[in-house]
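Okay, so here's the structure we're looking at.
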Amino acid sequence: MADIRLTDLNKSYGAIHILKDVSLDITSGEFIVFVGPSGCGKSTLLRSICGLESITSGTLEIDHAVVNEVPPSKRGIAMVFQSYALYPHMSVYENIGFALENQGLPRAEIKQKVEKVADMLQLTPYLTRLPKALSGGQRQRVAIGRAIVRGAKVFLFDEPLSNLDAALRVQTRMEIAKLKRSMPKTTMIYVTHDQVEAMTLADRIVVLQAGRVEQVGTPMELYDRPANTFVAGFIGSPKMNLITGEPAARHKAHTLGVRPEHFELSAATGEIKGMVEYTEVLGSDSFLYVATPQGLLTVREEGKTAFKPGDTVHVTPAAALVHRFGEDGKRLA
Amino acid sequence: MLEQLVSALVTVVLGVGGCLAYFYGSNILLDRLFPASASNDMAAVRNLKIQSSVRPWLFLGPALILLTVYLIYPVFQTIWLSFHDKAGTSFVGTANYSWAFNDSQFRQSIFNNFLWLLVVPAACTFFGLVIAVLTDRIWWGGLAKSLIFLPLAISFVGASVIWKFVYDYRGEGQEQIGILNALIVWFGGDPQVWISLPFWNNFFLMVILIWIQTGFATVILGAALRGVPEDTLEAATIDGAGPFKIFWRIMVPQIMPTIIVVWTTITVLVLKVFDIVLTMTNGQWDTQVLANLMFDWMFRGGGDFGRGAAIAIVIMLAVLPIMIWNIRQANAEQKGGH
Amino acid sequence: MWQRIRLEPSRFALHFAVLFIVALWTFPTAGLLVSSLRDKDQIAASGWWTALSTSEQSSQARTKGNADQVEKDGRFVIAGNLFEGDSAHSSLSAWGTNVNKPGANLPGATAELGSGQTLTVNADGSYEWGSATAFPDERGRRVFYVSSVPPRFTAENYETVLFSEGIGRSFVNSLTVTIPATIIPILIAAFAAYALAWMKLPGRGFIIAVIVGLLVVPLQMSLIPLLKLYNATGFLSKTYLGIWLAHTGFGLPFAIYLLRSYVAGLPKDLIESAQVDGANDFKIFRRIILPLSFPALASFAIFQFLWVWNDLLVAIVFLGSGEDQLVLTGRLNSLLGSRGGNWEILTASAFITIIVPLIVFFSLQRYFVRGLLAGSVKGG
């Protein structure tokens, strides 16, 4: 059991303010993903929870105990680094067993635990190998094995898939999801800049920008009810269209957010008139880039499209599915 | 012989063991005094904090103490001594310095050191560059570089024996066994006593240091040359530059920082050069240099520490600009990120 | 890269130029090695570059005396061999009985010596000295000859210097100085380097700047104060401990500088991962930093080893000149004074002093070069 509570957490390096009043409640067993553009402070936040960065002000509680000053090894956490941080001169066995060795466990117990984890992660044949003799996916599993073997209550992942190629990334993503299911009581916090990873893995997503929490919610909450234009633009692919001016005013909003899949297209009539500038036909769906007085809009059409560049089209937002934002960028009702 | 080996071995083990014992002992003591696995968590956290504030000084302590005793304290002490008499007891003001500047040997040393500074770094850098460029373009260049590099492993004293043999002189009519005189005779010249030929003998001593240090310059400059982006050379070729123009206008400017490093490194070495002069001539025949002169005054007539110290300060002053430059470079590097 | 840009006229000139430079650089050392293996008389008689060719040498020998004469066909004859007991000579090219004309006769010729005496000397050194009357003298006759001496190589010079000139003893002394003076600074510098690279400590930047400054402080600045200090304390004066500490102190700036830049370049993740795994700094140092820093440690070890082994100044200031403390460089320096003309002694001694560095250098050249580069190439 490990609840994590962050209250008004601040972190600055000299004059540079990295984290600003971050408050967050994480319930035991949750899979939380921190997502945001690079430089938003998500890694710093993770490292603060880990204890690798000190907190400038505010409190961090794990299981209702303030741990601001507690060194990483005493926080009951494990971390999977972006580079995996496997010790290059130690065998897989030694890598997994290093933390246990530091706890002063007897040899036999270390052996038993390491072998159990290795078995779980299909690493048994590789125990005597050095990390350099492993494939990318195997290294990833060793890194996870190191976290598992410690029986930590909280797992922290710092962009663990960014070093893998695209195919392996999808596969490993599924393995991490499976791992989470097999450890329902373990809290996992995962940092990524890839919103697909966030959407597919998270119980709840924390969207960060410039050191602030923009929104916290389940993937679908974020998709369906983005709290502001930043989240609206960040979650979903391709990006949500953010339209200002007359079409927005028609919906009583300063900014109107319409996802590409929430438009209706017509050659003859519609709310916004424009010209097809460019099309991308992917087979299962097609994307049209429509030049309008309000800027370039992205429109998704199922299957193939009949429109060609140069055609005049009218697009109409599906009224029930539009997002309305005020002048301050916040969601209206 | 066996007994001597055993006693040497025991001494060695004691020395190294003592050092190891300090690091292990002090760290284990720290772990024991402030255990990380204390019964209550708060105590453990406090102990860990104490550990992490004390441990850096355990790690750094011996180094700081040794640096202070062996380098920092002596610098100040030498400055102080240079204003005192030969025993270091009574203040004499700048008397040691005014003595030095009126002393013919000191003037000779300054002049010779100046010659060394002018010739040796330039020659090493020049030969280093030429050899690096040439050896880079042939298949056995690695072997050639190794052989040129080899003297770097030889002591100055060993090198002096080697070169004394090269410069060996036998009276006219006898067969010359020194290769230099043998060559001179073979070409029909008269054999010379090279190391006692005033003024020119300085250059014969410099040859030794050049012979030793060129390998250093070659290796460093060779690595820098290989780091020059190939496309800049190709672009220059396309622009119609010839090989010499490419070398001087494209390659050399790009490795300028390395050339400066090589130059200054050898300059510092030249200022400290002592062994070669001591073993070849001991400063006779107008070959005296500052480092050897200073050594002389340390022990001559029971030692004159005031004069010795004054000479050391002069050497230090010559090194000072390089030192300041280095520190600036290092600071800039640190600010520029890890 | 640069290979592709042809420097005409010819590749031949290039190879020749490099060959010439290499020859220039290796010749002096080759001379030393070759001479140290030559017969000591030959070293003094001819240049080392002629070591492989047979040389002409004038010698003299004495025939046997009247005790060995035999009577044959009414003549008295003394026969023998001039080369007896001297295997170095192979053949005789000329001989004579007058010191001023050692090459008067060819081998095999018979010379009239007057009073009915004749002498025949053959190329192999055998002679026959005949006389009509019995030889009166107990002592034989002097014969001068020019013989060609085949090249002779020997390990005698090495035996001499190792066992009678004290080089063997000095070799052990050098090792006694060098090994701890290499290992101790490595240990001390490695710990300091880690502290300066990765540990939180106040004044880190300042300490690093001071160390960079100390890199170029001339040794001469330290000698007098340390000599005074050593004399005052007593227990360090002229002891191995004293010189180990001196070499350690002088070697530390470079050691810390070199190791710190390497250790600081290790991946941050590794160290943080070990922290999360519950290792304290001492453990991180032992289990992570030391094994991973091996290349840098090796580089510095080679440097320090060569520097200490080759050092003369520190040794003559801080160690005594007695048998049990004189190191190789010091011994060689004193031999240069006392045995200035004995090249067989000097060359063999010099070669013994340089052989260890050469072995270290050739076997570990890779690390040596890496260390040089790490210590020197900045921003280049």
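The first chain written gets the first letter, and so on, giving A, B and C; residue counts start at 1 in each chain.
By our rule, contacts are C-beta pairs under 8 Å (C-beta built on N, C-alpha and C of every residue); 3 or more make two chains touch, one makes a residue touch a chain.
The structure displayed is predicted, hence computed values, not measured ones.
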| item | value |
| --- | --- |
| Central chain (by mean CA position) | B |
| Between the pairs A-C and B-C, the one where more C-beta pairs touch | B-C |
| CA centroid of chain A to CA centroid of chain B, Å | 55 |
| Centre-to-centre distance between chain C and chain A (centres being mean Cα positions), rounded to whole Å | 67 |
| Gap in Å, rounded to a whole number, between the CA centres of chain C and chain B | 21 |
| Residue list for chain B, restricted to those that touch at least two other chains | 48, 52 |
| For chain A, residues contacting two or more additional chains | 71 |
| Chain A contact footprint on chain C (complex, rising order) | 267, 269-270, 272-279, 283, 287-288, 291-292 |
| Touching residues on chain B, where the partner in the complex is chain C | 1, 4-5, 8, 11-12, 15-16, 19-20, 23, 27, 31, 36, 48, 51-52, 55-57, 59-60, 62-64, 66-67, 69-75, 77-78, 81, 88, 131, 133-138, 141, 144, 146-158, 160-166, 168, 175-179, 182, 211, 214, 216, 219-220, 223-228, 230, 233, 237, 243, 246, 251, 255, 257-258, 261-262, 265, 268, 271-272, 274-275, 278-279, 291, 294-295, 298, 305, 308-309, 311-313, 315-316, 319, 322-323, 326-327, 329-331, 333-334, 338 |
| Residue ranges of chain A in contact with chain C within the complex | 50-52, 71-73, 77-79, 81-85, 87-89, 98-99, 102-103, 146, 150 |
| Chain B contact footprint on chain C (complex, rising order) | 1-3, 5-7, 11, 14-15, 17-18, 21-22, 25-29, 31-32, 35, 43-49, 168-169, 172-173, 175-176, 179-180, 183-184, 187-189, 191-192, 194-196, 199-201, 205, 207-229, 240-241, 244-246, 248-250, 252-253, 256, 264, 280-282, 285, 306, 309-313, 317, 324, 329, 332-333, 336, 343, 346-347, 349-350, 353-354, 357-358, 360-362, 365, 369, 372-373, 376-380 |
| Chain A contact footprint on chain B (complex, rising order) | 37, 41, 44-45, 48-49, 52 |
